[in-house]
Amino acid sequence: MTESPAFRFDRAREARIGFGEAVFCESKSADQIAAILHEVGDDTPILLTRLEAQKADALPRALRDRLDFDALSRTAYLRVRCPLHETARVAVLSAGTSDLPVAQEAVRTLGFHGEPSQTHHDVGVAGLWRLEACLDDIRAMPVVIVTAGMEGALVSVVAGLVPGVVIALPTSVGYGAAEGGRTAMFSALTSCAPGIAVVNIDNGYGAACAALRHLNMLDRGQG
Amino acid sequence: MTESPAFRFDRAREARIGFGEAVFCESKSADQIAAILHEVGDDTPILLTRLEAQKADALPRALRDRLDFDALSRTAYLRVRCPLHETARVAVLSAGTSDLPVAQEAVRTLGFHGEPSQTHHDVGVAGLWRLEACLDDIRAMPVVIVTAGMEGALVSVVAGLVPGVVIALPTSVGYGAAEGGRTAMFSALTSCAPGIAVVNIDNGYGAACAALRHLNMLDRGQG
Amino acid sequence: MTESPAFRFDRAREARIGFGEAVFCESKSADQIAAILHEVGDDTPILLTRLEAQKADALPRALRDRLDFDALSRTAYLRVRCPLHETARVAVLSAGTSDLPVAQEAVRTLGFHGEPSQTHHDVGVAGLWRLEACLDDIRAMPVVIVTAGMEGALVSVVAGLVPGVVIALPTSVGYGAAEGGRTAMFSALTSCAPGIAVVNIDNGYGAACAALRHLNMLDRGQG
Amino acid sequence: MTESPAFRFDRAREARIGFGEAVFCESKSADQIAAILHEVGDDTPILLTRLEAQKADALPRALRDRLDFDALSRTAYLRVRCPLHETARVAVLSAGTSDLPVAQEAVRTLGFHGEPSQTHHDVGVAGLWRLEACLDDIRAMPVVIVTAGMEGALVSVVAGLVPGVVIALPTSVGYGAAEGGRTAMFSALTSCAPGIAVVNIDNGYGAACAALRHLNMLDRGQG
Amino acid sequence: MTESPAFRFDRAREARIGFGEAVFCESKSADQIAAILHEVGDDTPILLTRLEAQKADALPRALRDRLDFDALSRTAYLRVRCPLHETARVAVLSAGTSDLPVAQEAVRTLGFHGEPSQTHHDVGVAGLWRLEACLDDIRAMPVVIVTAGMEGALVSVVAGLVPGVVIALPTSVGYGAAEGGRTAMFSALTSCAPGIAVVNIDNGYGAACAALRHLNMLDRGQG
Amino acid sequence: MTESPAFRFDRAREARIGFGEAVFCESKSADQIAAILHEVGDDTPILLTRLEAQKADALPRALRDRLDFDALSRTAYLRVRCPLHETARVAVLSAGTSDLPVAQEAVRTLGFHGEPSQTHHDVGVAGLWRLEACLDDIRAMPVVIVTAGMEGALVSVVAGLVPGVVIALPTSVGYGAAEGGRTAMFSALTSCAPGIAVVNIDNGYGAACAALRHLNMLDRGQG
Amino acid sequence: MTESPAFRFDRAREARIGFGEAVFCESKSADQIAAILHEVGDDTPILLTRLEAQKADALPRALRDRLDFDALSRTAYLRVRCPLHETARVAVLSAGTSDLPVAQEAVRTLGFHGEPSQTHHDVGVAGLWRLEACLDDIRAMPVVIVTAGMEGALVSVVAGLVPGVVIALPTSVGYGAAEGGRTAMFSALTSCAPGIAVVNIDNGYGAACAALRHLNMLDRGQG
Amino acid sequence: MTESPAFRFDRAREARIGFGEAVFCESKSADQIAAILHEVGDDTPILLTRLEAQKADALPRALRDRLDFDALSRTAYLRVRCPLHETARVAVLSAGTSDLPVAQEAVRTLGFHGEPSQTHHDVGVAGLWRLEACLDDIRAMPVVIVTAGMEGALVSVVAGLVPGVVIALPTSVGYGAAEGGRTAMFSALTSCAPGIAVVNIDNGYGAACAALRHLNMLDRGQG
């Protein structure tokens, strides 16, 4: 009996669900990542997430040089999947400056799949005028991703004001009663505003994928 | 200073977000519900959720007689909002027979808004052939609601197989380590399959609203 | 050695902290309550909280007849402590109709001490216009009690808009991720809006007492 | 469409709620902090919280030199908002020496807004005489902030003895059953002494803001 | 193979650990309890705990009549083990009237073993003078059981003032942040006062047994 | 009285339960480990678990050189207990590449006892075809260890498809709602597929021991 | 499109995993149960679990009369699957009398599949001699199910003494720190004795199924 | 108003409760510790706990040289309080080698107060013979401290076998379901063996203080 390989790249995923497998780098060594990318081969554009700058720099030089790496979101593109569309269909909001890295992971994941984002940062409800100033732009978008830590009140306020798909992206920003993002996540799940779709804490990639499923259906046009 | 009224029906909600306010009956008395319905008036179709049969029967007779009440889902329609469309755009799955009431709340909420559901019950992964038998039908739907309690593994399996919007609807079915639905909810949130949109435990109404946001955008056609 | 009495009424409390002891009836029998009231004597006005209608009715008839009982808030006055002032200094808000009993416990506790409340019910953020309509009135109050269950987003929104003392009064309204009020309580504690004072879940009495401490200091005028 | 700025300083906050926005430095880089301070401009006094000495030293030299930095509380003033009043209106207590940094964050936040503090450190209930020795001083204050970790019993004892506003400031001091401050926070929330206002674990800034709301109302004199 | 009996009374327990097995009635039917008592036989005095009045009344009449039943503590004696000593060696305190049933379970368990209790009820720290009034009596006792729910601050205050063995007996009195007694239990475990021995929530029987182990060693003399 | 030794190697364990004591190195210093191995003596083969490479290198050189160390699983053999059997009786699956170290700890523990493993890595349910491709091989094994983090759905799917003993080995892979492995562990415990045996998070050693108990009984023949 | 049936009996389960589907009655109405049994038909023996006596009595009379119902374990057989073997291969232990219903669910599930159980009840570690008295019998069994609530120490003691497969069956017996069975379950999962297989709280059915998987492999004889 | 000192050494503690204040060094800097010791003065023997070797070395040289420091337990004596008695009255057990540091903190605290300990290490229940070998010695002691992490089963077994005061000292040894010591602590609190006194996780100091309270009462003679 031959031994099992350590990874099996799911090439059929895009055909099945509309977007391909990404490489989650958090618990993988630079060696493992390099091996996976080698196995994927030169024809497949691929997205890497949770790639620390240090780990990126530990990749083989030739590989590192070909990466389009973004430090804030800890993401990298190896080859682009498709060029950015002209019009944004997703608004990405963040409640505070500390939520930026997570929001940016969503922006970058969308960008990899050709979807530009309309961003509105630092629009938390402690100063509601900031949200109101950009509300018309947000209401025009079919999908709105709301990134928020602490108590995540921005999610409810937005969901009560816009008709589009609202994806709550809770973050681990905060301390004590924030419980590492659980309070923001539970707030979104038990919001008084109806129809909110929630993803895991700090999961910018997942929020973008949820948006992509929607956009793919829009494109399929099964109205 | 005049005293505050006890409720303020949000008539502007439909214009803002695409569907109107429902009456959540769980923590309201029959008297309160009757008062709210009276205040809403005779022109507005309205959906009632978490209405126990007993409480429904405690409503004034004239009102009770006009309700289209469904015991399984504990929902009632007072006037229909629009007739059912011909074609289903939402598949509603349930892992086990015990998940039916929650799934049915989603079906009824969709129905109130004119959306028929394609249902597939008792298709949990303990017998995977049951899901496989209806997979083609499910893959054709732009939105799939997956109702599951216990460990909620059905959610991940479906999300790995279909391209549409996947809404996880965890239920409180189970005991012990099921933790009243928290394990199913957390499973969906931390699923290895990407892009799952999660709603609160037993929140069939919320899952349907998330689907409606999507369908409304499909109708707006901002592809 | 003589045996200990079962209760010791803290007559010195008002002198020490500005308001007297109330009788928390939840875990006491009708007999125990009657005994305590008898021991307190006929000269001391007293407030009873968490008194179920059924238990009130089980009190000796003569005692029951002298109670000013309010079923919604489950509170009773035995003799009034002082007449209501003319001007309200506390606004009591509630996010939804289901939060009314808890909000009313605060209103009644304040009333027992002569403080009228300015109430604004069902002003949750799912329909933000409802709050905006009464914002000017609220901003004029030195103390604002915000009653909210589920995700409690109303607390943060109010605290970002008004200069007065903001007391968050989380309620156990909601299910699943609401965790019996813990999510609302944690949301208030980790709010992005600064300077919120939080009390226990469903503790309308405690919220009113926190307000009274403030009002007493206002009266002492140690500006 | 232009990209969103990463932060929007809420200049209107002081007018709305009585004190301005502070910069929470914990999850921001030295570069981000410098950018924010540059954007705020030279006319606005500003408070920085959770600023580690190391991060302060990584700020541009010219900026660093102008900071009034306090290592114990990890706070810094950039320009003072107003000179210290002569008379303290807030007592700040701490149960043990380990609670000092959190208590000091409250003291410094109050100081930035011109409010001196009356401090009483290491007065935990394991040796009750320490509290008794300074009780008269504490009772004279309109606001008392009680800083305590572990089981936080000091909060209840103080609240049973003083008439002023009592703000519980739980800390993460302790281990095991202290649960990172949750036990102290929950103790304060479920205290047998009535009318305690609770803020988040280790949130000295928030406790001070709650005090400021009170003091502002005292100054407005709406007795 | 013969089937196992459903219970095996541990007759050797007294010889091993100094006191005999009690019958915990909570999850047993009246039939099971009667069967156990029959099997124990007529020579062994026995203590029953968590015996609801209703269940006691469902026992065979002859058996019921021989029980010394106490409704408040839900305990019963079948034959007394030894007459009460003259002098109390254990003080049993309770913070509030609602803690009485649990404190009484400790008193009754001690009484069954011949130990009278010195009781001090309703001496919680919200009115500290109540404790101070009986402190000298308490300080004279070699063992002090402190019964308290909510935040359980009484435990720390007592442990800081008396030299004897302090046994914390947390109760489930309270709601919300009281978490069914967990906050009181955790407060005792993480108390700033040293050397507190903690037992389970509402476990008056266990607190008394811990006291008995101590008293037995006192009787054995200095090991 | 002589002082107690710091450890007592349980030489009788193998006779009692079928396999010997292993040395869990996580909370032991290199010195302690060396002392234990010295005490064990030269005749007893021994397995070391949770031995970080760094700590292994800190062992005395002569000892280090004799270790068969595996960095991925952090295990070491000092002398082999018995040569590998020819035929595998245990399948070890892993859901993702990040689960490999835990799966490998199971493989190495089995190998130390002479049991080869049939491995199938990266067969998580997000791409179900990967499991289906090796299902026949897995079904032939009397024991199947399923290693999975995140939501652990692979466990349920496998248990619904194979007749052998299924041991769920949850891992701490994931973040947020993964709760350090608790969600995977709870998913396995509350699985809809019957008869799953669950071990602790990241406990590859324990999963292998559970398998060994089974294999020993197989070897003993039908009890 | 036809509507989905409410249940799909998994007839292929026995062929796949070695034992058939059981009907979990807890969240099903008597009507639903009757419908399922009707659909299953007259040739298939079937096991019902969590069937309350009251619900059993609400089944159609003809059906009820054919059930072999056991009140203690709340299980019923409709037709027996196979006669009891002569020799027990599974020991079922319980720590206390209160654990009997859960242990009996395991005994009945095994019995339905023809496996007699060797039972040892009330052998908890508070009186260790009780376990020692039957240890030789237990050691002879290839599978040992240990039923225990509270702290579940019996599980560790047994697993340190016997060579067979040890299945921990935690129960919800206990209160306070027992946390509804979670402490017993976590104790088993983190036991110092190696190789314990744990199932969900109160899941006697699951423990028996785990045993059946083992026994089936013994029968397949793949030693 | 003068500023508060940062610490107030509780010199009256010994007179009140029988042993003096110790310095808990975990959250204090070397400078703070030196200042406290200076303030305490040269006549008072003092115990330091949770003093890391590194921090001890950072103390002023003259001070460091006078410390009797023990690295394993992280304790130090500055002057001894009284010489060791000849006869041990406390047995200190530990379940595994990893529990040694916590057990040793208890031993050292007892030693500082003149009480020698009878130690029995690595006697966990996975190999019950180890406990049995020293049981007679343990039974002779008036106080037994049982140190155990993981599932802490040793506590219940010991408490079922010995008549003395049993103090459970749970440790944070273990991972996953051990929950940082909470499972061991909860196991002790909900033990089936009666009369166990529990202290906080890893609190060797507290366990020793609980023992000292008992020994002091033994010395005082029978109350």
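Per-chain numbering from 1; labels A, B, C, D, E, F, G and H assigned in written order.
In this text, contacts are C-beta pairs under 8 Å (C-beta built on N, C-alpha and C of every residue); 3 or more make two chains touch, one makes a residue touch a chain.
Small disclaimer: the values here were computed from a predicted structure and weren't measured.
Peer 1: Copy of B-C's interface among C-E, G-H or F-G, judged by over half the contact pairs being the same?
Peer 2: Among C-E, G-H or F-G, the interface that shares over half of its contact pairs with B-C is C-E.
Peer 1: Looking at C-E and A-C, which one has the bigger number of contacting C-beta pairs?
Peer 2: Looking at C-E and A-C side by side, A-C shows more C-beta contacts.
Peer 1: What is the distance, in whole Å, between the centres of chain D and chain G, each centre taken as the mean of its C-alpha atoms?
Peer 2: 56
Peer 1: Could you work out how far the Cα centre of chain C sits from that of chain G, in whole Å?
Peer 2: 49
Peer 1: In whole angstrom, what separates the CA-based centres of chain A and chain F?
Peer 2: Centre-to-centre distance between chain A and chain F: 35 Å.
Peer 1: If you average the CA atoms of chain A and of chain B, how many Å lie between those two points?
Peer 2: Centre-to-centre distance between chain A and chain B: 26 Å.
Peer 1: Quick check: what residues of chain H touch more than one other chain, meaning two or more?
Peer 2: In chain H, 13, 16, 126-127, 159-161, 175-178, 185, 189-190, 193-194, 200 touch at least two other chains.
Peer 1: By the touch definition up top, name every chain pair that qualifies.
Peer 2: Between chains, contact exists in these pairs: A-B, A-C, A-D, A-F, B-C, B-F, B-G, C-D, C-E, D-E, D-H, E-G, E-H, F-G, F-H, G-H.
Peer 1: Could you please specify the touching residues of chain D with respect to chain C in the complex?
Peer 2: These residues of chain D touch chain C: 13, 16-19, 22, 89, 142-143, 159-167, 185, 189-190, 193-200, 205-206, 208-214, 216-223.
Peer 1: Which residues, counting only chain A, touch chain F once they are in their complex?
Peer 2: Per the stated touch rule, the residues are 1, 3-8, 10, 12-13, 16, 21, 24, 26-28, 32, 36, 170, 172, 180-182, 185, 200-203.
Peer 1: Under the touch definition given earlier, write down the residues of chain C that touch chain B in their complex.
Peer 2: 88, 97-98, 100, 118-123, 126-127, 129-130, 173, 175-178
Peer 1: Could you pull out which chain G residues touch chain H in their complex?
Peer 2: 95-96, 124-128, 150-153, 155-157, 159-161, 174-179, 183, 185-194
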